[in-house]
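One chain, chain A, appears in both complexes that follow, with chain B as partner in the first and chain C in the second.
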Partner chain A sequence: MGPKRKIKSGHVGADSTRVDAPDKVRGRAVYTDDIDVPGCWYGKVVRSPVAHGRLRSLKRDEEFDWSRVSVVLPDDIPGKNIADLFIHDMPFIAHDEINYLGEPLALVAAPDRELAEEAARHFHPDIEELPGIFHMEEIVDLYKKQDSSLHSLGEQTTVKGDIEKGFSEADMIVTGEYWAGYQEQLYIEPQAMIAEMTDDGGVFIRGSLQCPYFINPELCLTLNLPPEKIRVKQEMTGGAFGGKEEYPTLIAGYCALLAMKSRHPVKIVFDRNEDILFTTKRHPSWGRLKTGLKKDGTITAIHAELLLNGGAYTTISRVVLARGILHAAMGYRCDNVFVDGRIFKTHTFPCGAFRGFGAPQATWAFESHIEELAKACGMLPQEFRRKNCLVQGDVTPTGMVLKDSVGSPAVLDQVLDRSDFAKKLKQSSRGNPKHKKWYGIGLAFFAHGSGFTGDGEARFKAKGAVELDWIEPNHPGVNIRISSTEMGQGAFTIMDQIAADAISIPLDDVRCPLPDTSLCPNSGPTVASRTTMVVGHTVHGAGLKLKAALEEFASKEVFEGRPVVLENGRFVCSGEALPFRQIAASYLDKHGRLRTEHQFTLPPDLKWDQSTFKGDAYPAFSWGCNAAEVEVDPLTFEIRLKKVTACFDVGRMINPLNCKAQAEGGLVQTIGYALMEKMGIRNGKYDADRMQTYIVPTMPDIPEFDITFVEYPYEFSPPGAKGIGEMPMDGLAPAIANAIENATGLRCNRIPIMPEDLFTLHRAKHQNG
Partner chain B sequence: MKKLEKSDCRFPSTLKEALELLANESTRGRLLAGGSDLMVQWAAGMEPPPRVISIKGLKELQGIKEDDGAVVIGAGVTHAHIRSSKPVQKHLPALAAAAATVGGPQIQALGTIGGNVANASPAGDLAPALLITGGEAVVASRTGERTIPLTKFFLAYRRIDLKPDEMIVRFVLPKRAAGEIEVFRKLGTRAAQAISKVMCAARFSVKAGSFETCAVALGSVGPTTVRLPKLEEWIIGKSASEETLAEVEKRASDEVSPIDDIRSTAEYRKWVSGRLVRFLLES
Partner chain C sequence: MSNVKRTWNVNGEEKTLEFPPLRRLLDVIREDMRFTGCKEGCGEGECGACTVLLDGVPVTSCLVAAGQVPDGTQILTVEGLEKTEQGRVLQEAYVSAGASQCGFCIPGMLMASFALLSKNSRPTEEDILDAHGGNICRCTGYVKIIEAVRLAAQNWPRK
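Right, the complex of A and B next:
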């Protein structure tokens, strides 16, 4: 039995509509492109037309009037020509070797967009073209041949037990290879940024971004400015999904370099085509699994390899790989595990952060493989998972003991029950020629680590603050000061709920302004499903401190030293009560603004070894299970997703409505990943480079959803939330593939799965008898 | 649209006026109906033409009329109008079905039948449904009208039999005969807003267990939408049996030569063409 499910107090745990919704639905929200900065110029990146080569020279047309524009070349960079993203292997502007098509060769700014674009056309690079490597297939081919020409951008292993011993104890060994393609974030608002010089010689950067404190300090090296001279402010952001995690440092750098050179504010807003072609994607991946099994379904050994196509430079790929390998064999009991992850270079745009961050690729491979394991030992998929899934007290592949907050097997049981899985599995068609439509149901079970890897949060020490201030004329209230961003996921609504509850005041008296590094402490990036759990905790702690300080003030100044409690917006003292706003106003009149801060900590017994990747991989895991029901048309192999039954344990739900919205949105994004969003490389370029060719789901593709939650709060960190943002991306792709197999009898080991793939598999099956 | 600022845009108020503009080389311009093909091309970077003639709303291009044997559809009629038109639903159900699959509601409200045909994309969804009717396009210039069978209208990839001073004014589409069945099916990568991988329309009748008439057209399987004359000829008189249908599948597949592109593969298209034709003739 899990702990008590309903823990409600005030706003936390209640459905609350999004605080940012009214402005957005009315079209009043102001996005970066809407901001008119006086004297603002427009920036444009001059890009390499070849994917791999050596830049001999960059010529410019002499007839063009260059005095009307401002140009930044590598020599104009005040600091080092290095993009300071984790590893220093990428120049800000290419000057010698070119490693991907579209790599910046120069920057240009002009008073208007047309002129900037025109100027960019007057550059003529002379490039010695070199052969390139582009596809995951090429990587895997060379990897299997152990060819040393493969260029590694990073690798990591984690080992548990003795893998050889594990295989020697097995009755059978099952292997499989699983491929996943690119995925484009396709946020509604393309990348957009503005930079302007400030009076003190610094720069002010504002735009559509996820992580203000990434840009500062990452631009210090390039701009040759100390961090305090780089101010970063988030503007209203129309979606991000990881695509505005590390990439904005580059576009911010382009704007800043151009602003410093031209002495004008500079804005860059990509159009959709440029945004798709020249920003990050989810890493294509290949996973190979080899698992030892006993006849009764006991897993004796798991050997997992996970390869990522990193693109041309390292950027954030090692962090993605870390999450990937921590999920590559996660979720099931096994004493002997060997996980090996590698990133390889290709001459393509560097891949980057995308909701799930390596876990969807890992879970895709592993949950497809689990289905094969069940088959190999003659068990039903649900039986096999139920037998082997990790539960409280079990040990993960990195040696983490799951002490508490373990929503397994609850999520699995809930989905099996609500979807009527056992019965529907029996009804599955398995390619029966008598069925007019092939029906199939498929399952996936998974966990997703919340927060930074290992002791990352302990080392990072995220801080959040709340501030008593005038939030409107005559309206004393509380501003939440965190560097977490609202990008459509509902973070600010949740922070308002947490702060309002901690202080015990109405939601109306709290607000969360867009973060600005000059006003907010560093609560870390808005990534890794960490915001509610980690930053929510800091806001909660800061709120309690503010509450205590105000109670003390009220006690001293109003209630003659008697104990006072701030409760539901009223200061209560032995039967008497005064409204929050009255006391708050008198505090502000007397002392001015009051700010309290709180820092996130982790339990002292959390242990993590970064070199061996052993120990407590995350502060906590969220748990999830999906059942997908599909219909395949035997006539055409068209695939329709009919229903998804999903259950998640995300700890304590701060806002159930928003949890459901996150789950739905993530599942929809995964429908695209699993069934539609095909993107290849042709002549060094993404072939699906616009919304006409990059196919994402639209409303009629969305199936019936049955989404429920079970609550296993993370007790160490009040108010007890774990992460939800990424987890809906993890399990649906393998659940769909498993369902398709049950419908057609055809196993697809590659996503996205298209009718064309089923046709090829079907033909191969028939040709081979 | 900023990019059109440099173009000379004309808004004739009658067909005569529009044809006058077309007749004269110095005033001739690109015809703009719903703009749902053109605006996209221009936004994607294609240089807009120096002159544009808007024919949106020209009364002479509107309306769906019925005479004894045919339904007459103005070139300026939108997909939304076509899909909801009673005469089209009754006499040309494949066309009504095809119009209902174009893009989404917004595109259907803008896009026109004339634009869809003139754009002459092999993925244009209306073309197969038009081709099976054995109907005609009527084109006009200042000097008069010309009538061209639709089967001869599509010349090559994105080219129709239209002279620079002409425009399409209407389509004359024979009604299906009593006993004739019309069906349409489109395959796309998603349920809406999908450009076809393959689409297929058929008009046929079965009498006393045998195929009596048959017209089949497929789109997205070649540079233009095609009819399958060999199959159509072969099937007449054959019994509507399982063996015939198996043979239909094979023959239809053999009769098309599609290509690989971003939306699908040649192999799948070839195979599924046979499957679709079989499916339609089964219904």
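Right, the complex of A and C next:
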């Protein structure tokens, strides 16, 4: 008994409720910390108390009974003391230079948590402290002075046309600088991992994670194990948002090293404070834009710079930067574009993946700037966007021709219409002292690339499989085998829909188990808004192959060679029909399991040059538009977000209910990014390091939503979906800032926007004039 | 400090346990009784994932010393919901509204909803916001959770 899923007829395009929901509402879903592993020890990381320095020695109290615990020091690492995260610049355990507060100095495991924590307190590092660099402001200051002491962790440029010529054709030039702060993923389930040794001398790692095939092979180097000896399984994951993308390799490594040393299974579950302090954040950013305009609003040149605070080591930052610069001037027509992105080192925990992955920072800067451009040439914000937005046939800043699946200007028109934008813009207060509450509406329009950058998907060759097997006793059905993870976004539900649709069987005959590297092909990481489009396509293709194989079997074995079609769960042959389960069972009895696989490809004419960053930047773009309506109190400057009107083109919607859920969740995270989630650094440490001080939206903070979709399917890759996961994170922050400007007359160039910032701007404005 | 002994009614069944009096109720529920549906998201009373009902009143179990909970207290965790018709109505509503994503906040959220609807099965918008203001969800944006509570209110079994 218990709650049942409601399944409407048809699969793809239907509002199927979520496959994982019944267990979750009954408290039966098993997350990592819920697993009772016999003989499990607890691991703890001994961390540096200083942010930058040189480790002279690591002493241990002699009176403590060390025989009861296991300790891992750099010399105990079986392989290389390197965290194999993209670039080899980070040690797994620090042994010389310390580069961020909390950098691991040792690992310890004990039979219970209290003892592990106690043991960790008996280490005494002797560190020569060195001065550090921490803040985006310091970076920007040095960057503007072209100071060579800045430590670059990566840079990338993309150029289109002739930027000088573009500026020379302009009637006016508009410049602006836009800052964005840290953002913490704040998944509600903290990082959690378990590792244990296997009989063959390998390790079995399982936990809360996004990308099983990151941990394997990344740990091979550190553990000195071949990939076949590292098995990684995802357990039910309580949210991730990028925070469990590259980071889990570290916590998995800590557990694995401790398991190998102690010969016990080892579990580490962070408490919230440790999770906030010592895991990744969204990169703080600074964008500077300089744009040439003609009087009629034509854009002649865009010069964009995007700087990211990378933290202490490179890790995934270059990939984030790539997405950042590809969105830094995206969405509008312009023949002359120069985009330059850079990552600089600071002595803080390495920044990393967070939903949107560089695009929210880029879009925040660019869509704030677009508002200034409209003003500069005396156009309304919607007119300026309508005139310049890219449409089908236009060319992006990297030279990609938008051939098909272009939801622009449809998303823009839809939002302008549904929000009654033109009328409401006229009603905006603009700081009118006669208004009791200041009202304003603001707009943002944007695109988000689906899948890996450029020809990344073509090179990666993601694979997905389906297999006919007994999915329960006496129940033949289909397992979906992909390395994509379910972390709350609904991936397994839509994979079920896609597979059931391709094979033409009921949803109940399909299941998508949590991925395990010993059972699943590599479909790639669950990132980059790629899962539905790319992995969904492999499941679709594998499903068609399975269907064909079963039809052939049925034809040969049952219907004397006549053509057979598997349709809505029945094998149909000239008027006769047999149920899917019957034929499936006889196939399994005769041949055993049947597995089919499919690989993702890209159109052969897709061109990308990784060295110049030119060409087709993504297989496809999703499109979005947001209008935000705010109310600001002229006395307290309290900001209340009243309504958000949003429209997205995510290609073909596999599950509209789930698309909406993704949009709502992402938009609310963006409310936090824009208005609430403030995090600074004091003495090398994040100053908002608990849920008491890092404030995220709660139920009373949410506005009224009007969320709609327009469908421009990605035809090359049936069933035609594009990405949705990240895009809701891109545009709402600038839409809110633009709305605040229309309400107050004050331009905020820094998020999060706090009442005190408005007060400061208000005073500055009135003091100066 | 020596252990204390308590007898409670947990999810409809009588249970007697011994534990150090300052042990967190959350740990007694998760580790001693193995009701692992109850979740820890922060350990400091901020996220609401560990919410359980003590005699119908929602509390964050990470901030309760188990020894303080008197004998005879009725404790309800997410695992107990499906034993009552109201609980099942609420669970159905969460599933059909699409209110659960990663699911980690959901046990606490459900307990907040259940406490509200048990007392007030015709809640206003404001009642709903008040009742769930202490529960953080990072996935859903709350929209579908509000819809689920409304749907459950519509179908709430009334005597």
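As a working rule, the second predicted complex is superposed on the first by the 760 of 769 C-alpha atoms of A that agree within 3 Å, B and C clash if a C-alpha of one lies under 4 Å from a C-alpha of the other, contacts with A are read in each partner's own complex, and residues count from 1 in each chain.
Note that contacts are C-beta pairs under 8 Å (C-beta built on N, C-alpha and C of every residue); 3 or more make two chains touch, one makes a residue touch a chain.
From a predicted model like this one, the values you see are computed outputs, not experimental measurements.
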Touching partner for A:172 - first (chain B), second (chain C), both, neither: neither
Which of chain B and chain C A:422 touches, first, second, both or neither: neither
Touching partner for A:690 - first (chain B), second (chain C), both, neither: both
Chain B versus chain C as contact partner of A:699, first or second or both or neither: both
Contacts of A:636 with chain B and chain C, given as first, second, both or neither: first
Partner chain in contact with A:391 - chain B first, chain C second, else both or neither: neither
Touch count on chain A, higher of chain B and chain C: C
Which superposed partner A:548 touches (first chain B, second chain C, both, neither): neither
Overlap of chain C and chain B interfaces on chain A (superposed complexes): 690, 692, 696-700
Chain B-facing residues of chain A, complex: 273, 635-638, 640, 676, 687-688, 690, 692-693, 695-701, 754-756, 759-760
Of chain B, residues touching chain A in the complex: 40, 44-45, 104, 187, 189-195, 262-265, 267-268, 271-272, 275-276, 279
Parts of chain A lying in touch with chain C, wherever the complex brings them together: 1-6, 17-18, 20-31, 33-34, 36, 185-190, 236-241, 271-272, 487-490, 657-658, 660-661, 664-669, 690-692, 696-700, 702, 705
Interfacial residue positions of chain C with respect to chain A in the complex: 30, 34-44, 46-47, 49, 77-79, 81-82, 88, 91-92, 94-96, 98, 100-107, 110, 128-130, 132-146
